[in-house]
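First subunit A sits with subunit B, and in the next complex the same chain sits with subunit C.
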Partner chain A sequence: MQISARRLENKTIFDVVGDIDLANSPAVRKALLAEIKEKKIPCVIMNLEGVKYIDSSGIASLVEGLKASRDAHARFILFGLSKSAREVLQLSRLLNLFEIYDNEEQALSNERA
Partner chain B sequence: MSSPIAPPLQAAPAISLKNLRVSYGDREILHGVSFDVQQGETLVILGGSGSGKSTLLRTLVGLERPTSGEIWIKGKNLATISDEELDTLRRHMGMSFQGGALFGSMTVGENVALPLREHTKLEDPTIEIMLRLKLDQVGLSGYEDYYPSQLSGGMKKRAAVARALAMDPEILFFDEPSAGLDPIIAAGIDELIIELKKAFHMTIIVVTHELASAFLIADRMVLINKGEVVALGTPEEMKNSPHPRVRQFLDRIPEPAVSQELDYLQMLTEERHGQRR
Partner chain C sequence: MVRRRLLLRIELKSDPQVLCGVRGAISPIAGAIGFKEEDCRAITLALDEAITNVIRHAYGGKPGRRIEIELSKLNGAKQEQAGLEILLFDRGVKPKPDSFKGLPPGELRSGGLGLHFMRQSMDKVVHTRVGSTNRLRMVKFIR
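== the complex of A and B ==
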């Protein structure tokens, strides 16, 4: 799994490529929390177009990101979820908790709105 | 049906057993068991007491070593892979034991978190969210601070399932999931197994002698008798099977007295290896 960050004005977009699982979800968590808690970026966006599989440790890391962003009155956005990632969120009753868009354009336009 | 029915052609099986033999000392329990379990299917292993079904399950999860034959899981031969590969493979497997096997001195949450703390480098807050997700999946939301002794039998089973789910297994094993539960609670566990399969597309192996449960949850069933595969097929195929042992098991016909006497005589007089009478 690879995670890289793009800065766009007052937003950070994380591009994640590969599976998010027990072995690498701590890296996702660390990157997310640093951006939200330490750098206090007001809007963090996760590009999950390159993620086919996300396990429950990955889901838990996203939940941590969501909680940290709410605590900081920031926004936490997901886009490009695979069918299976969407299913996992649905089964965990988390789908409606997250702000989710189909692609980056939508995620950014809704962010601007 | 007098011989095992071949499974339909599909992707590589999740589990493949080839002429598996297992012994306890001189006594051979499994006499050359062969069958495949397809990815995403629920296979129920049926058999009476002493049939060898629990030994088969214990061998599949690595608690017993076969004397000969092969076990292939996710395309890997257990006998030839490195310890590291075996460890990785085991992380893809979850096991729900008959008695629940929860640690009584730990809370339900600590029990569920145990595999995550032992085998991963996840941070505590991540583990805390995960264990709550797992408890929610088995219908035990809010029970993380309870001790096993404070739970009913059915709830203990559910907690054990949550712990088996902790590492997101691809293959889940259940040993007698309904044992000791009343029919209504047992039906709830059956429902949970069906839901888990649907939700996570897991391969599920269930050992049971509860027929009602087996017919409800199984995609296919295998009947083990005296350490051998007697029949393998869908619930419908098993229901219609004319095989005498299948009929005896499904129709709950007791062993004939003569046969019992013969078995008893054999048991009393059977020669053990290296032992002269």
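== the complex of A and C ==
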């Protein structure tokens, strides 16, 4: 898995490529929390177009990011969920707790998909 | 009577890096048996979560411990008895009874989802402890 950050004004977009599982979810969590808690970025966006698989440890990292963003009164947005990733989020019954868009354009313009 | 035919027996080490390899192996096997794509994804998720639980909880994150997996095809007199059986064996700590409760999902929390995913994905999920060995049996039937 690879995770890289793009910084646009007051937003950070994380581009994630690869599976998110127990082997690499700590890296996702660390990157998210550093951006939200330490750098205090008011809007963090996760580009998951390149993520074909996510397991409970990956969902846990996204939940940590969402919790931290709520605590910091920041926004936490997901876009580009694969069928598999969406299925897993649905299974967790957490899908509706996240702000989710189909693509980057929608995420940046804040139009709910 | 349900007949059980062993397809694969593998031994892994308790290292998260093995997960992607296991996922890569299980889905084609499930597909070859006759599971639909959606069910192949469910089986892959269940096995991934089961191994993750062993690494994190039974072995406490310690690497190099043994995990054994057996995949068997199930055939019965009735079509609905056909399916896949997955057995996992580890010699880690005995799970606490509370760990089988499977916390109710839907709350904003970051733990307890793995068992829920396994139960949602498979038709049977049964943990037993025999001597110093934890045994997990998961079954999914072909629909």
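In the analysis below, the second predicted complex is superposed on the first by the 110 of 113 C-alpha atoms of A that agree within 3 Å, B and C clash if a C-alpha of one lies under 4 Å from a C-alpha of the other, contacts with A are read in each partner's own complex, and residues count from 1 in each chain.
Simple rule for what comes next: a residue touches a chain if its C-beta (ideal position, glycine included) is under 8 Å from a C-beta of that chain, and two chains touch if they have at least 3 such contacts.
Remember, predicted model here, so these are calculated numbers, not experimental data.
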Combined model on subunit A: subunit C and subunit B, fit or clash: clash
Which superposed partner A:Leu32 touches (first subunit B, second subunit C, both, neither): neither
Subunit B versus subunit C as contact partner of A:Leu91, first or second or both or neither: both
Touching partner for A:Asp55 - first (subunit B), second (subunit C), both, neither: both
Contact breadth on subunit A, by residue count: subunit C or subunit B: C
Touched partner set for A:Val16, first subunit B, second subunit C, both or neither: neither
First (subunit B), second (subunit C), both or neither touched by A:Leu81: neither
Partner chain in contact with A:Leu66 - subunit B first, subunit C second, else both or neither: second
Common interface residues of subunit A - those touching subunit B in one complex and subunit C in the other: 21-22, 55-57, 59-61, 63-64, 87, 91-93
Residues of subunit A touching subunit C in the complex: 19, 21-23, 53, 55-57, 59-61, 63-64, 66-67, 84, 87-88, 91-94, 97
Touching residues (chain side subunit B, partner subunit A) in the complex: 91, 116, 119-123, 125-127, 129-130, 133-134, 136-137, 167-168, 199-200
Subunit B contact footprint on subunit A (complex, rising order): 21-22, 25-26, 29, 55-57, 59-61, 63-64, 87, 91-93
Interfacial residue positions of subunit C with respect to subunit A in the complex: 16-17, 19-20, 23, 38, 41, 44-45, 48-49, 52, 55-56, 105-106, 108-111, 113-114, 116-117, 120-121
